[in-house]
Each structure stands twice: as structure tokens, then as C-alpha cells.
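The same subunit A turns up in both complexes below, where it pairs with subunit B and then with subunit C.
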Partner chain A sequence: MFQISLYTALGLSIAGLLFRIYRFQKKGSSGTLKLKLSLNLKPAFFNTIFQSKLFYASKTRWAVHFLVFSGFIYLVFFHALDEWIAFNLFQSYQPTLDPFQFLRDFAGFLVLIGCSGFLLRRILNTWINPDNTTNYKGLFPIILILLVMGSGFMLETIKIISEPVFLEMVEDYSDIDEDTDLDHLKIYWETHYQVRFKKDILITEEALEHGRRLNTDYCLDCHSKIKSAFISKALATQLDKPANFLNYYRADNWLYPIHYLLSFLMLVSLPFSRFFHILLIPFASAQQKMTVRHFQEKAVSIHPATFSACTNCGLCSAVCSVYPNFLITGNKQILPHFKIESARKMMAVAHLNPKKLNQLQLGNDDCTLCHHCTDICPSGIDLQGIWQTLPQTLHKMGYPDNYTFVKDTALQERENKEWEKEQADRAYDLTQNLTGRVYSFENCVQCTVCTNVCPVVAYGGNDNDMTPQQIMNLLRLGKKQTAAGTRMVWNCLTCYMCQEHCPSEIKVADIIIELRNISNQTTDSLKIMGAADKADK
Partner chain B sequence: MKDKKQITCDITVIGAGFAGMVAAARASDLGLKTVQTGNSSHLYFASGLFDFLGVYPLGSRTPIEDPRTGLELLQKEMPDHPYSKTSLETILKSFDFLARFLHSTGLNYVKPDKDNRSVLTAAGTFKPTCMMPETISKGGLLKKDTPLLLIDFKGLEGFCAGQIAAVLKKNHPYIFTLSVEVPGESGNLNPTYLATLFEDSSFLKNLATQISPFSNKVKLVGMPAVCGINKSLDILTRLEKMTGLDIFEIPMMPPSIPGLRLKNAFEKKLAGNHVHFLSQTKITSPQFNGSEFILNAVNQNMETQIRSKGIILATGRFPGGGLHAKRGCIQETVFNLPVYQPDERSLWHHLNFFEKQGHMINTAGVETDIVFRPVDTHGAVIYENLYAVGTLLAHNDWVRLKSGSGVSAVSAVTAVNDFYKKNTAGL
Partner chain C sequence: MKLAYFPGCKINFYLKDYDTSFQSLMEKLGVDLIQLPFNCCGYPARSTNFEVSVFSAIRNFALARKYDLDIITPCKCCFGQLKYAAYQWHENKKLKQKMECLLADENIFWDGKTKITHLLSFLYNDIGVLELKKKIDHKLPEKKIVTQYGCHALRPFTITGFDNPHAPRIFEELINITGFKTVEWSKSTECCGNPIYETNKSLSLKILNSKLTAALEAGADHICTACTHCQIQYNELSFQKECQKHKITPVLFTQILGAALGIKKEKLI
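Showing the complex of A and B:
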């Protein structure tokens, strides 16, 4: 049973791992993400073993995480794999001997504390930030760890109080065959090892002393005092009353498979859940090479696997320089930990909601490449590189930045569209609605003073299409959407020369900025509509 | 929340057009503490020519040669016209002052002599004027048989050498035209941008090599008035040296570079004279407390309270915002002064749009006494130290009489002089 499930779990886990690697490779070779591996051992080592980046990012989080990490590592090597490691390293190793008995409980205790910390943060975060879409993301691994720990402690407790287990051990490891001897050992174990026996046995000083001697002869080599297993001992005390019931039904035989099956579940889910970060963070940390030198040498590379190293801890968003933009626009896709999640999904699923993709483009457009998120990322993900390659990917999918879109769209396409009604209100929330009020541009006499002082017009080039005074004329002709779609509106430097010089006191620059706002809104709609059309075909 | 500031001064000039600039120039020249307010000036639209009196009587088809004779007649026949409140001597003195003032900024104007001069325009017609920039004045060399080269620039709108030549052909048989292509420019060419190109010597050399082949055929070259924004005379002289030809500028449609030069010259010199200029400001709720005016000059971010002894109102007419045509009547916008105007709206315009006598609304405006202080319907001065100058004045159809600059200059100078005389005696 144990062997079968172990090998099944191992097989599934390895197959899953291979599947993920295959997918990463495939994505890496196609698409815009360049597959280029590098190996930076130093950050990989320190970030894996000591979570150095998390330490710099947040001491509290590091402390909590390190509790889980250290406890877990100990349990894996000295408890789960004891047959291969502990028994070979220490000749006198026995799971029930101190210090191993104590350390096992202690490690479990650390993991429990850490996981509670994880849970607590999620609960607190839900209070602080009402948006909880990412808060519950990593919940499965935490609950699984808690279940494994819980079942482990319960198993140990049940074994402690179990009479049948005691009897089996006596059978196997001693040559006691007299009832009185057995009774005396029972007395000693009941008082010092908290085994609960069905029948009460009269305790006497003499019997206890004899039991102690028997214990020294047969048991002490492998059994330290139970008090060092401080959690299980405490639990055993609590289970005093249902002890007989549990012993009768051999609860230990039930709990053992539960415990190891849960552990195997962990193994199987390794490539498919948050657990994967255990393997991906060393990888991502080894990939990180975004120094100024690399930047200049254009050696920027993103491996798709690094996307999955993200644990959605949200530290990046806390330091994001354009966080205020999020507060104003409410676009979550400005924040790094949302962006990377969307980008990961975009890579995995061909069709994502056009609105969401557009939001992602807009959000990523706000990024100033300040490097804060990359600096703080505890997973060591090269976030900067992702933000830089993302626009190309989005452009290919039909979501270029608005300026490019305006340049590539014929003015005629903006006419005869019916978005204006729904778009209008939103755009005008942010503006004075100069373009909607005739008096703001009706005084234009087309004198071309604005055009004459405009540095964009003076620079010329093939890029510009209309001049400021022509834009005012479009407004006078009632062609607001056409005016909003001109390149001039987007090329404007907002130097205000036109407005300063206008003899008719028209707020030319203010109007142009307002038109750009309107254009921004309509361009979003055009993009989403265009992408939806493409998807239909 | 707007910033608030307070300033006190002797005199406030409201308006930054031609009249306002002359008033501020005169006031600062006399040493008065001057504040000027206004929006972007309409000087960008000005041709740069200063007219005295080009046509008289109204509707006459031939321009008058000597403005003095016209003035005598005007003063007799139109007692309400601003010129009738002043004298030939004062008008000439005002022009003199203006020429001196502009000369000190490096912008040379040819002073008025006895006769009006005819200046070639971009339409091929001639316009009578009195005073002009030196860069334009050489056009006077154009006689009937002078071989002339006309230059235009590809992409520059509103100026076509061929069109001018066609109009001139009747009286001037020897005309050549040249269309210059500006390197690297294929689309529309803005006059301001073109003028800045003239300040680049390699552009000038290139232009000279294109003109030189004509040096045997012609004596005179006419080109649009885009010969540099700053130091236009220097640039023109250099070009003349390179080509060995006399060159003159032809004023063109707005935006006008001679107008821009004038604007720059005024602004530069007035700043040097410590005139406090509040740009892009509107005057709101003016008050008079018995001894001084309290004005609020408001712009987008600032509110300035001006306490001023005197005020020169040079706000212009409808485009400038000095007058506002409501449904039933015309109003003066700052002080709500009484406005001379037709009795009802239907009389504002003549039925014939091209009526030679002009429209009634062209004579609407503020009526004043002989030192240009607004008066009420009974002819009484409204405020002791409030003056109205320039096109705001009533009975002044300056477009048809070709007398805009003259009226503006003389009214501005007279008003400031009067204020100065009255208020410095006690100082």
C-alpha cells in the first residue's frame, strides 16, 4: 500500500514536472519570449537557502517564511527521508530518541506557527484591501501543510497513548512473558510515557521501580522521555478520555495512511500549485541578470518559467512607483502582482477577455521601469524584463499602445461609430468639456498663429498630420472624433505656446489635451472591438 | 485657489494691442510707474505699416497723396472724429515719438515725410501708408519700367509671385518670378518658421545663389515679409550684398512677421522700461474709491489687485474684446461706459455689404473729450483719470479711412501726456 502510493505519487510528480518543463520550453521557443538560460549561482544559492531577497524586502515576512522553511526542510530530511539520511548519518538514530524526538516536534511546531502566520496575513489583508482575488490564491498549499502537520502530530499522539502499539513493541523488542513483569512495565509506561491502558492497574512503589528497571533493560535505548515531544504530550493529555475508544479501533492504523497519503499529495501537487515556487525560485534567481551592463548589451531575456515562480506576495505592488495611478484609475493591471498573473494567464490561454488584455496594456503602459519591483521580488523574478517584453507580445495580439494605435488607424474609422454616448460621460469627468461647448472654440478665425508658434509643426517630419488651427476647424465642423484621432493631438508637447499666443483667447492646448483624453477612451473601445472581431473570425 | 498679489502704480494700461503698446511706451518713457494688462496681442495680425490717413473722404476710390490736406478737410467735416480733437503737430509728434522708441529697440522705421507712400501688397495692389519698416521701404524704388523679380516660397500660403505679377503687368511690364523651394520642406510652410530659417546663414547663401542668375536682368527684388524675426534689416542687407540687388519685403496676410517684429520690439523695450506686464489677464470688477482705481487682474493662476491713479483703456473693438455686441446693444466691457451706437440692431449694418460709406457699427465706440477721456451722454467727463484710446473710440472708421495707427498713436500719446501733466505738478 505504502509502496504503491509512494511510487504512484513519485511518478505523477515527475510526469507533472516534465510536462511543465515541456510547456515552458514550447512557450520559450515560440512567441516573443526568448529562451536563454543563464546561471547566476550566488543569488540562486542565497535566495534559495536563506531567502535573502525576502529578508531585505520584509523582515517579518521573512521570519514567518523561514520558520516554515527551516521546519519543513528538517522534517523532509530527518523525518520523511530518515531511512536514507538520518539512519545513515547517526548510528544511534531513532525517531523516538532525543534530540530527534524533540527536534521533530519542534520543527513541526515551527511549521505550524509559520503557516498560521501565512493565514493570519491573508485574513488581515482581506481587511485592509477589500479586493481579495489574490489573497486566496496560495491557500491550498498552506492548508495541505497544516493537514500534514496535524495528521503527523495526531499520529504521534495516538501512538503514544496506544495500548496495542505498546503490546506490539513489547512482543517485538523484549522477552517479557510474565504477566506481572508486563504489568509493571505497563505501570511505568502509563506514568512516564502516557500510554492509556484499558484496565486500571494498581500502582505501587515497588511495581514502579521494577517497571523502571525493565524499561532500562528493554526500552530506554530507543525511547527518550515523552516530555520532549512537547506538543504530542500535551495532545495526549487532552485525549485521556477517548483514549480507550481510539485504541480499540486502532486509530493509529487509520492515521498513518492519512498522514503519508497527504504527504504524497503534496509531492504530486508540487508542479501544479504554489509548491512549485520551491523549485522555480532557485531557477528564477539564477536567471536574474538585469544589471545596467546587461541592459546596454541587450542581453535581456525572460524565461516563461519565471512567471510561475511568483507567489503573489504583493511586495512588488507595495513599492510600485505608479501605485498612485492605480488609486486614480482603479486599473488593477497597473500593479505588478496583478500584471504578472495576467501575463501568465495570457501565455497559458490563447483567448483572454479583450477588456482585461486592454487593461493589461494600459497598466503596463504606466510602468516607469523604475526597477523597484525587481529589486524587492523575493522570488528573484526578473520583473523588469517581463514588463519590457510584454508590450511586444500585446502588440502582436492586437493591443498596441494607444499612440501607436492612433497612428496606425485611418481617421475615417473613427467616424460613424456609436461609442460616443457611453464614452462621453467618462471622458468628461476628467475634463472641463471644452470640446463640448461651442463658445470655447467658436471664436477661432483660423489665423494660424497657433500653428506658427507650434514646435511640433515647425519640426515637421512625416509624422504629423494636422495643425492646431486645423483641429480647431474640425471642432467647428462638429468632427470631434476625427479631431481626437489626429496625430497632432498625440504629438502635442503641451508647451502651451498656441494657447499663449492665440489672439482669440482660445484654450488651444487645453482643448488638445482634452481631445487626447477622449481619444484615449475611444481608442480603448476601438481596440477591444477590433480584437473581438478578430476573435469572431 | 489662486495666488493673490497687490501692486500700486501711477497708470494702468488695459490692452496690449497697438494703442496699448504706444500708451505703455509713452508712460514708461515719461517715467510713470506703469502696469499693463492684456491677452496675446493682436499685433500678430498687424501689417507693420503705420497709416496716418490714406483715404478721404469716405468712399473715395483714389488714395490721398498728402495726409495733411485730407486732415484739414476731415477736421472741418467730421467734428466728432478723434483726429478733430487734436492737431497735425500732435499727430506728427506722436509718430516721431514712435519712430524714436522703436529705433531704440533696433527696429528701424522710415519716418513720415510729407506724402503718403504706396506700398505693394501681397495682392498686387498698392496701399497708401505713412510710416513703414525700412525693410519694406525700398519698395518705393519701384517705378513704372523698373525690372522686378518677385520671389515666393513653395508651400507658403497667401503669397504667390505669379499672382502679383499678373496684377502688376498692366503698369509694370518687366517682371520675373521665382518660386523658391525650401530644402527639406514639402508640405505647408509657416511664415514664422520660414522667418527663422532666414536667420541661418547657409539658408541665406542657398537663397542668394538662386537669386543671383537674375542679377543681370533685374534691379529690384520683392519677397514676402519673412526676412527673419530678429534683426531683419541686417539679414536683408546681407542678402543684398550677396546678390548685389536691392531687395524689399512685401507685407502679407496674417500671421504677419512685421507685426510680430513690432510686438517683440514693444515687449522687449517695455520690459526694459520696467513696465509691469500682467499677461493673459482679464480685468474684473473695477472700482473707483474717489482717488484711485482698484482693479482685479485675473488669469488662470493669479489674481492681482492693481491700485492705480490713472487708467488708459486700450481694449480695442469686437475682436479685441473692448466692445461686446449683445442682442440689443453694444457694451463697453470693462467699465460699462456709454457707447455711441445706432439706435437699434437693424441699423448696425447697411444692406449693401460693400457700401462705400461703411456701416453704422463701424463708427460705434466710446466718445471722449479732447484729451480722450470718456464722456457721458451729456458730454461730462466720467472719471478724471480714465482715458480711452485706439480703435475703441467712436466715429472712427479706421479701416476705410486707413488711419488706424495714426488714431491709436495720437490718442495714446495725448492721453498719457495729459495724465502726466496733471499728476506730476503735485509730485
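Showing the complex of A and C:
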């Protein structure tokens, strides 16, 4: 049973791993050119063993995570794999011998505390911020680890109090035949090792002393005092009453498969759940980080596996430079930890909801590439690289940035009275509303001073259509949307040369910037409509 | 003197040497720079969403206000945007109301009193050219240098109040005390082309190229900048084939002044 499930789990896990690797390879990298594969082993090592980046990001979260990490690693190597590792490393290794007995309980205790910390943070998060949707993907590993730990402790406890286990051990490891000897050993174990026996045996000093000698002869080599297994001992004390019942039904025989099956479930789910971060974070941390030079030379490549290394911890969004954009526009796709999730889905499945992709494009457009998220990311993901290559990928999929979108859309399409109405409804009184108030541009005498000082007019050539003074004229003709769609408005450097030189003191640059705002809104609406049409199809 | 250091978004990844040289310069001048978790100044959002751009800036002011600090920034686009947002806050009552509500949601407030300075205006107005001249102990060789003023600090003058927008002098005066010799050129107040680099690269490079031609005509060895975006744009020179024929290199003002003040080279790059 054990062997079969172990090999099944191992097989499934490896098959899953290969499947994931195959998928990653098939998806290819995001970005234009491939970099030479160069792994940075030093940051990968420190980030894997000590979680150094998490330490810099948040001390509390590091402490909690490290509890789980260290406890878990100990349990894997010295408890789960003890046959291969611990027995070979230490001559005198026995799971029931100190210090291993104590360390096992201690490690389990650390993991329990850590996982409770994880859970507590999640509960507090949803409590403080009700909008924060619970992430079940992140909840699964925590619950599973807690179940494995819980079943482990219960198993140990029940083995401690179990009479049948005691009798089996006596049979296997001693040559006690006489009933009185056995009774004396029972007495000693009942008082010192908390085994609960069905029949009460009269305890005498003499019997106890004899039991102690028998214990020294047969048991002491492999059994340390029970108090070092402090959690199981405490639990055993609690289970005093139902002990006989549990012993009668051999609860240990039930719990053992539960314990190892849960552990195998962990192994199977490794490539498909949040557990995968154990393997992906070392990989992501080892990936070469993009430098300015890479971007200038357009030699950028992001491995798709790094997308999946995200554990959705949200530390990136807390330091995001454009967080205020999110506060006003409410577009979640501005925040890095939502963006990477969408980007990951986008890479994994081709047909993602067009509305969401559109939001992703608009959100990613707001990114100022400040590198804060990459600096803090505990998984060591090169987020900045992703944000910089994302627009290209989105463009290929039919979600260009606003500049390209306006360039490729005919001006006539924007001449739609509905826009005017819709935009009038929005809170325009908050802006200066220069384009809506005639006095802000009516004084233009078409003297061409603005045109003469404009660098875009001077060097734009065929790339440019109107001049600033013509924009003013379009406004006077009431063609706001046409003006908003011109190349002049979108090529404007916002250098304010025109405004500073205008003899009529017209705020030319401010008007052009406001036109670009309007144009952006129109474009966003056009895009959302287009995305909705795509979604309908 | 304590000031809140507003680095701006780009400096962290694209121009680390400006960050380090600016910090060591301030250290040398005895200014305590306080690093606060500032967000974007709002300049990139200015052409997409007016409210977002103003709110981003105001949120930074509120943060600086919380620690009772004035803001200094080495970036001219940030400087211009912060000034612009403060101006809008004072001018536009309805906007102010909305911003106050948004700030109240986060339990912060701003009373409109935070002072915003750029590196150059700080050196010129708060330290003083004469005071700075006394501190210079490493006179630099007499190389010809042209200045790049940076649009958003200079214009609109009514809002930024940086210097005379048509014939600015601050930058030249500050450079001349280091030993470098500034030369007049026609394009000192014109745009470097960076704002449209992402969207219209060819036009952006054409503008950059025109500036280089003008600098070459003036016989300059270096172009001096005191703005993150301008320097990033000029750094493009080494990567663009069409620009490589020019032998002019861009230098950061903080590095020049730092060298003249005797700051070690390691602390400037």
C-alpha cells in the first residue's frame, strides 16, 4: 500500500513536472530576442536558502516564512527521508531517540506556528480590506501542510498511548516471556512513557524498579524520555480518556495511511499548486536581470516559468509608484500583482477575456518602469522586464498602446457626437476645461509664433500633420474631436515653447495636453467597445 | 538642513549614477536627505488623466508634510509636475476639494505649504553661488560645455518660477564656478526629445540629433544636464548609429560639481 502510493505519487509528480516544463518550452519566451542563458547562482542560492529578498522586503513575513521553511526542510530530510538520509548520516539515529525525537516535534511546531501566521495574515487582510478577495490558490498549500502536520502529531500521540504498538514492540525487540516481567515493564512504561493499558496493574515500588531494569536492557537504546516530544506528550495527556477506545480500534493503523497519503498529495500537487514556487523561485532568482543596456539593445527575453514563480504576496503593489492611478481609475490591472497574474494567464491560454486584456494594456501603460516592484519581489522575478516586453506582446495580439491606436484610426471615426455627450457628463469642471471655454483660445490671431518655435513642427516632417496654431483654429471651428486625434496633439513634447512665446497669452501647450487627455478617454472608450465586440464574438 | 529626497521613477533603474552623485553632493553640502516612500510625481499621467497626475503629486506632498519636510528633486520633469500640481491645488477649488477627500480616505492631509525645489534652484537660491565658490578646491580643466535647461523646470514660468524662460542664467553661473567654461548655443532651452521617445522614436532622435548639431557648431566638448530624462535621452547617443559620429558626451551636473568639490570618484558613479 505504502510502496504503491509512493511510486504513484512520485510518478504523477514527475509527469506533472515534465508537463509543466513542456508547456513552458512550448510557450516560448516573451520578448524580442533571446539572451544567452546565463544563470546567477549567487542570488539564487541566497534567495532560496535564506529568502534574502523577503528579508529585505518584510522582516515579519520573512520570520514567519522562515519558520515554515526551516521546519519543513528538516522534516523532509530527517523525517520523511530518514531511511536514506538520517540513518546514513548518524550511526545512532532512531526517530524515538533524542535529539531527533525532540527536533522532529520542534520542527513540526515551527511549521505549525508559521502556517498559523500565514492564515492569520490572510484573515486580517480580508478583515481590514473587504475588497481583498480570498485567494484559494494560496490557501490550499497552507491547509494541506496544516493537515499533514496535524495528522503527524496525532499519529505520534496515538503511538505513544497505544497498547497494541507496545506489545508488538516487546515481541519484536525483547525476549520477555513471563507475564510478571511484562507487567513490570508495562508499569514502568505506563508511568514514564504514558502508554495507556486496558487493565489497571497494581503499581509497587519493587515492580517499578524491576521494570526500570528491563527497560534499560531492552528499550533504552532506542527510546528517549517522552517529555522531549513536547507536543505529542501534551496531546497524549489530553487523550487519557478515549485512549482505550482508540487502542481498541487501532487508530494508529488508520492515521498512518492518512498521514502519508496527505504527504503524497503534497508531492503530487507540487507542479500544479502554489507549492511549485519551491522550484520556481530558485529558477526565477537565477535568471539574469535585465539591465538598461539590454533594453536599449532590444535584447530582452523573459522565461515563461518566471511568471508562475509569483506567489501573489502583494508586496510589489504596496510599493508601486503608480498606486494613486489605481486609487482614481480603479483599474486593478495597474497593480503589479494583478498584472503578472493576467500576463501569466495570457501566456498560458490564448483566448483570455478581451475586456481583461484591454484593461491589462491600459494598466500596463501607466507603469513608469521605476523598478520598485523588481527590487522588492521576494520571488526574484524580473518584473520590470515583463512590464517592458508586455506592450509588444499585447500589440501583436491586437491591443496596441493609445498612440498607435490613434495613429491607425481614421479621424472620421472619432467624429462622433456621442463622445462629446459622454465626456461632457464626466466631471470636467475638475480640470481647467480650456478646450470647452471659448475665451481660452478665441484670442488666437494665427500669428504662427507657436508654430515657429515648435520642435515637432521643425523636425516632424511627414510624421506631423497640423501645427499648434491650426489646432487653435480647429477648436474655434468647434472640431474638438478632430483636433484631439491629430498627430500634432500626440507628438507634442509638452515643452511649453508655444505657450511661453504666445503673444496672446493663450495656454497653447495646456490646451494640447488637455486635448490629449480627451483623446485618451475617447480611445479608451473605443477600445473598451472594441473589446466588448470581440468578447461577444 | 533636512529635505525630503524625491528621486523620481526613472533614476532608480535608468540613471543610478545621478542618484549616487546627487546624494554624495548633498552630503558634502551638509544637507540631510530623507528617503520617503514617494510615488510617481504624476508627470507621465499628465497627458492621460489630469486628476491622476495632480493627485499623484499631492499625495507626495502629504507624505512630505507628515514629516514636516520640504521636497528637493534632481529631476526637472518631476519638479515641473510637482509645481504644476501645487498651482492647480491653489487655483482650482473643486479639484482641491476632491483631492482633500481622496487624501482623507488614506488618513493624510496637505495644507499647501510644502516647498518644492530643484537641485539647481536649491544651489542657486538656498546655498548661493558665492558660498559654493568658496567650497570649491579642485578647479576643473577649462573645457567647453553647453547647458541643457530642461523644459518642465523652465516653462511655464508663471507656475515654475525657475528662471527667466527666454534667457536663463542659473545653470551657466553654477557651472562656471567649477572651472568649466559654458558656451552660448542656440538650443539651450529646447526640448531634448525624451517625452516622445517611447511612442515616436524616430522624431525623438531627430530632435536629439538637431541638438547635437547645434552643440557641435558651438564647439562644445560636453553637454551638461541636470535632469533625469534629459540625461537618459543623451545617453542614447552611444547606442544610436546616426548619433555616433558626434564626439560630444553628456555629463551630469552633479558629477561636475561633485568633482570640483573634491568628492571621490567612486561616490559619483
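Here is the rule we use: the second predicted complex is superposed on the first by the 398 of 537 C-alpha atoms of A that agree within 3 Å, B and C clash if a C-alpha of one lies under 4 Å from a C-alpha of the other, contacts with A are read in each partner's own complex, and residues count from 1 in each chain.
Throughout what follows, a residue touches a chain if its C-beta (ideal position, glycine included) is under 8 Å from a C-beta of that chain, and two chains touch if they have at least 3 such contacts.
These numbers were taken from a predicted model, which means no experiment stands behind them.
Undergrad: Mind working out whether A:269 is in touch with subunit B, subunit C, both or neither, as first, second, both or neither?
TA: A:269: touches no partner chain.
Undergrad: More residues of subunit A in touch with subunit C or with subunit B?
TA: Greater contact footprint in residues on subunit A: C.
Undergrad: I'd like to know which partner A:500 touches here: subunit B for first, subunit C for second, both or neither.
TA: Touch status of A:500: both partners.
Undergrad: After lining up the shared chain so the two structures overlap, which partner does A:47 touch, if you call subunit B first and subunit C second: first, second, both or neither?
TA: Neither partner.
Undergrad: Using the touch definition from the top, say if A:393 reaches subunit B (first), subunit C (second), both or neither.
TA: Touch partners of A:393: none, neither subunit B nor subunit C.
Undergrad: Tell me the contact category for A:457 with respect to subunit B and subunit C: first, second, both or neither.
TA: first
Undergrad: Between subunit B (first) and subunit C (second), which, if any, makes contact with A:447: first, second, both or neither?
TA: first
Undergrad: Taking the superposition on A as described, I'd like to know which of subunit B and subunit C A:403 touches: first, second, both or neither.
TA: second
Undergrad: Common interface residues of subunit A with subunit B and subunit C?
TA: Residues 458, 460, 500 of subunit A touch both subunit B and subunit C.
Undergrad: Please give the residue numbers of subunit A that touch subunit B in the complex, ascending.
TA: 445, 447-449, 451-453, 457-458, 460, 467, 500-505
Undergrad: What residues of subunit B sit close enough to touch subunit A in their complex?
TA: Residues 39-42, 44-45, 184-185, 187-188, 190-193, 196, 254-255, 279-280, 319, 321 of subunit B touch subunit A in their complex.
Undergrad: Which residues of subunit A touch subunit C once you look at their complex with the stated criterion?
TA: These residues of subunit A touch subunit C: 292, 296-297, 319-325, 327-329, 365-366, 368-372, 374-375, 384, 401-404, 429-432, 455-456, 458-461, 463-464, 490-497, 499-500, 507, 509-510, 513-514, 516-517, 520.
Undergrad: Residues of subunit C touching subunit A in their complex?
TA: For this pair, the touching residues of subunit C are 9-10, 12-14, 37, 39-40, 42, 44-52, 55-56, 59, 88, 92, 94-95, 98, 102, 105, 151-152, 154-157, 165-166, 189-191, 193, 195-196, 199-200, 202-203, 206-207, 210, 236, 239.
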